[in-house]
Amino acid sequence: MPENNRKASDAETFGIKLDNISFAYPDTAKDPVFRAFSMKMPAAKVSVILGPSGCGKTTLLNLVSGLLEPGSGYIDAAGRSENDKGRISVLFQEPRLLPWRSVRRNIEIVLNKHLGAVNSRKTAEHYLTLVGLGSFMDYYPAQLSGGMRQRAAIARAFAYPADTILMDEPFQALDLGLKINLTELFTKLWVEDRRTSVFVTHDINEAILLGDEIFVLSPGKPAEILEHITNNDPHSGRTLESETSIEIEKRLYRLLG
Amino acid sequence: MKVFTSKTEKRIIGFLSAAGFLFIWKFVSIHIGTDIILPAPETVFLRLLSIMIDSGFWLAVGATVLRTAYGLIISFVLGFAAGIGCGSSSKIDALLSPIISITRTVPVMSIILLAMIWFSTDIVPVFVCVLMIFPILTANVKQGVKGVDRKLVELGVSYRLSRTEVFREITVPSVMPFILGGLRSAIGVGWKVVIAAEVLSQPVRAVGTGLQFSQMNLETAEVMAWTVVAVILSWLSEFLLDLLIKRRKWEPADA
Amino acid sequence: GSQEAAAPAEVNITIAALKGPSGFAAAEMMKDKFQPGYNVNAEYILLGSPLDAVTKMTSGEIDAAFLPVNTAAKLYTKGIGYKLAAVSGVGSLYMLSSDSSVTDWPELKGKTIYLTGKGATPDYLLRYLLIENGLDPEKDVTLNFTSTPPQIVQLLAAGKADTAFIPQPFALMAETNTKAGIVLDPQQELMKIRGTQKPFPFTVFVLSERLIEARPEAAAEIVSALEASINWVVSNPDEASAAIEEIGIMTAVAAKPAIPVSGIQFISAADSRADVEDFLSMLLELDPVSVGGKLPDEGFYFEN
Amino acid sequence: MKVFTSKTEKRIIGFLSAAGFLFIWKFVSIHIGTDIILPAPETVFLRLLSIMIDSGFWLAVGATVLRTAYGLIISFVLGFAAGIGCGSSSKIDALLSPIISITRTVPVMSIILLAMIWFSTDIVPVFVCVLMIFPILTANVKQGVKGVDRKLVELGVSYRLSRTEVFREITVPSVMPFILGGLRSAIGVGWKVVIAAEVLSQPVRAVGTGLQFSQMNLETAEVMAWTVVAVILSWLSEFLLDLLIKRRKWEPADA
Amino acid sequence: MPENNRKASDAETFGIKLDNISFAYPDTAKDPVFRAFSMKMPAAKVSVILGPSGCGKTTLLNLVSGLLEPGSGYIDAAGRSENDKGRISVLFQEPRLLPWRSVRRNIEIVLNKHLGAVNSRKTAEHYLTLVGLGSFMDYYPAQLSGGMRQRAAIARAFAYPADTILMDEPFQALDLGLKINLTELFTKLWVEDRRTSVFVTHDINEAILLGDEIFVLSPGKPAEILEHITNNDPHSGRTLESETSIEIEKRLYRLLG
């Protein structure tokens, strides 16, 4: 395990490449989720993935993170294989908190090895405060509301020193105010050390505000890339009103609305 | 949904059912009429007092307690290790299961002689106890390991927790209820087996030997007195275990 | 069965023998399903352990059984109505050792002796003999108990035990299968100490007072049938051992050599009374519990 | 994460470990050198064949199988009922637990005495078996019931499922793994206990009686042969149970 | 259990009333979620509840459905208490599907008692098709994507013949297209038999399109009603462009944005 937490400098050397992969779940093998599917997500950029429910977004993330292996084809991502020195931080579609640990411990656990006990605690508390759970650090997951659990999971994903961040609908189940805060928070954190990020969402506004590359997957299996939009506006200070945004919004609405 | 019952209410009910049991005992004993078969509760109680005075009694009890403790601890360690192993690697499972199922299935009767040849009569009961308990615990733990939430394990894997961390933070807590459940019942069996084995191998100092001796002499009251001792012993042990179980925080275990 | 002595009324009785050598005595009776007459129908069963016999006696399921003499006495004093009808076997215990240097009791000092049944007759007897020979059973020797004689033979064979105090036919098995041999004869020793003429009574045949009151004549018939059976067994080992296997007491192979040595012998209640009382009083001295606190009165003996 | 192992691979490993066991046995038997302590595997095997020819053998086996089956079924029913009860109502729990823990803790030896008075020797083993197994299963089921996902129960309640529906659709499926886990280990214990009790109570037809008889005659090879029979019996039973377990659909049991 | 599935006609007689209730979770008793809280949700109308994460929306629904009992005060809702003849259909914040049952069975189970086996099956399949899971009826929950599970739960809630429907963020984790379809579906179904409905959401547009009464809860404990907006536009044919809508949107943004 590498101790150095990569910074922008060498981040450029990373990126995510799916090369002509195919994948099907054993018990639904008849219709594969992906077939001869290729995709490149540039390093040090935020790639947003949109697509109808059930099209394969979560599967895609699991393939990238290495939880699933493609039936054929080849996937490259920093920290995908156990033994390479990179690290991937994953935000699952469900909070996935350990029921038997307080929210704080839940975060410390993933940090310990990299930051040591003391810093883990500091970091955990720092990020929990950022997501507005400052006064709930000692609660057990069962004692939190749905959205609070989701935020705890977000704190964990952000706190973990990774080269690549994969997020599966991170801001679902959150109210507007929080969504906005967290979107800003993410941008703020992201510009510090531009880590390669993949962001699955259903919210077109999020896609516009966060995405450098926006991929829209097709419904039905196998999934394909329906559309690939690039947005070169600088992250900080993006608005939904800029005409790039409005123009992108139109295109996305046409595809998804 | 669970009906809430107050501690005192529970106590009362428990007391009643215990009283009911004693009453039935008394009734049956009157009905049977002879002490050789079923003496009355009070007779047994008096006899209990009289044997408790004897110093040999306490030594015997001590010895049996030690045997059971050893037996359970060894079984626990073995069962835990084997269970984790079998649950998490089908290779290990395939390797161990024949041996385990043999130990599980060989009748005590057949094993006890070899036990006597290998160990001193003092240890034979421990051996038999392990032979009986360890497979139960293994099965329980294995069950538990197979039941660990895959999603949490995935979490551990993606965040690159070391095997030991995944084990300590995810496997153990998920398996705990199974282990404790297993242990809870194992303890009861443990006492039974140890005492039974003591009756067969008759160490100098043992509750089982006491049982056997008084049975030889048709002192049923004394047999029952020893029985009461055994019952109290395992109640104590279960009580202690329950304290242990209670001490576990991480209670709100859903979400 | 009915309690009434009314002549025509039928009485059904159950006669129980034990597995193992003590059962040899009843071989002929069981083989021919002997019927005593006088409207009494006898049924025969085989029990696994004295304990089983005792429970069936207390619940009145059986009318005749073979028991260790002290158990019989104890049941009698506890008022479980069974009388001693005859002695069916005398002591046949032996001290075996793989150490031939043991030639007399005092030389057992420091030995670890294996025997069965803490609190059973052999246990008491051995203690008595040791004490009489100036040894302290607690200090001078170590007594290791197991549940069954065969285990002891196996322990001898395994070299785990070198001295053992076991009954026939296991002593014989031990001699043939292990380095250990018979070194001391407790029967002789006890006769010497107590000045008695016969080896001490070991197994006795008891009859239920219920039967004795209802059909005294039948009871007498059963006793004489037992005498006949015992004599038959002793005098024709071959047929006997065959019968023994057929009944399921033991395999013929194991039984045949056992018959002559197992102390099977018929002594009527009258003739045995003196020896029985002597033996019981010996146990009484050692541990009152073993015989039920006091010697049984003369009502214990069924003398027809 | 679980390592995938092919069926055949498992078979091979299992076979190897079994072979290893036989080898050790053979080795030890040679080392000990005398048949009356530990005969060689092949001797035992031949003896097994010879006793299997006897018709009495099959009757004995049949009888023992029946006893164990009865014992297990009764224990299962009782344990299931009691476990559900104790798990779902603390009142019932308070009421039953004293009785259960007495049955759990009374030494077999003491119970056998009474059992032999109350029942015919044929039934004693069943009784003892129930006494030993039923508390284990109860504990398991209780554990399981307490572990049922509260959220799913809430679902059932809000959609006004009847008690029986909640029971059938939510409680039972959640408890199943626990029960089966318990039963899986109970079966092994069951055989052991039944046979041990048979050795003590000596029914006319029984594997235990066979064991005891051949031991009385110092036929160690035969003792072992009977042992093998016992082992095979419980393997068969476990095998059957596993089939049963497999037959359960609803495997993908997370989400 | 009543066999008759209530229709608009007598639905008027129902409504939800929370009267001066207080509630705190045992292990966080120090700060109660509600104190002296009162609220009326009219019958045969859709009440929408908005509010920041962790403010008490789910708790409120659980109080109404009867899963939680208020510490003090009084709650009235058709079918709340076991023995009254009404029925409540609840859509929890998590799908809560039985893992050991196929999606179809999961729905049949709650219908059987009321519709009988045959109709239950028909109904289940009908609603599953409506939410776009027609081809996944025999899948087990674990084989479905997050959104698909959510939709299965929605189908169950809609299919259940209840007088009152409580929905906790029903359309979360769904993509825009689906959100729109399902919103329309709900409206379509709702106008048929105007059942008293409570709708917890974070999506202001949903609130506007579906709500007759919109309640905004305050953050922090105890929760209070920050704002109560009534929208009398007819459900069918509501748009986000109508000036009522725009006007409401403004107010909500001010409160939550």
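A few notes on this one:
Going in written order, the chains are labelled A, B, C, D and E, and every chain counts its residues from 1.
Criterion: a residue touches a chain if its C-beta (ideal position, glycine included) is under 8 Å from a C-beta of that chain, and two chains touch if they have at least 3 such contacts.
This structure is a prediction, so every number in the text was calculated from the model and none was measured.
Taking the mean of C-alpha positions as each chain's centre, the chain lying farthest from the centre of subunit A is C.
The two chains most heavily joined by C-beta contacts are B-D. Taking each chain's centre as the mean of its C-alpha atoms, subunit C lies 38 Å from subunit D.
Between subunit A and subunit D, the centres computed from C-alpha atoms are 50 Å apart. Put simply, the C-alpha centre of subunit A and that of subunit C have 86 angstrom between them. Of all residues in subunit D, those that touch two or more other chains are 37, 113, 117, 151, 157, 212, 215, 252, 254. Residue positions 27, 94, 143-144 of subunit A are each in touch with at least two other chains.
Under the contact definition stated at the top, the residues of subunit C that touch 2 or more other chains are 51, 55, 58-59, 151, 154, 158.
The list of touching chain pairs reads A-B, A-E, B-C, B-D, C-D, D-E. Against subunit B, the residues of subunit D that register as touching in their complex are 1-5, 9-11, 13-14, 16-18, 21, 37-38, 88-91, 93-99, 101-102, 104-110, 113-114, 117, 132, 135-136, 139-140, 143, 147, 149-151, 153, 157, 177-178, 181-182, 184-185, 188-189, 191-192, 195-196, 199, 208, 211-212, 215, 223-224, 226-227, 230-231, 233-235, 238, 254. Residue ranges on subunit D touching subunit C, taken from their complex, read 32, 34, 36-37, 113, 116-117, 121, 200-202, 204, 209, 212-213, 215-220. Listing the residues of subunit D that touch subunit E in their complex gives 151-152, 154-155, 157-162, 165, 169-170, 173, 249-250, 252-255.
Subunit A meets subunit E in the complex at residues 25, 27-28, 50-54, 57-58, 93-94, 136, 139, 143-148, 150-151, 168-169, 172-180, 202-204, 253, 256-257. Contact residues of subunit A toward subunit B in the complex are 1, 65-67, 79, 82, 87-90, 92, 94-101, 109-110, 112-113, 140-144, 149, 160.
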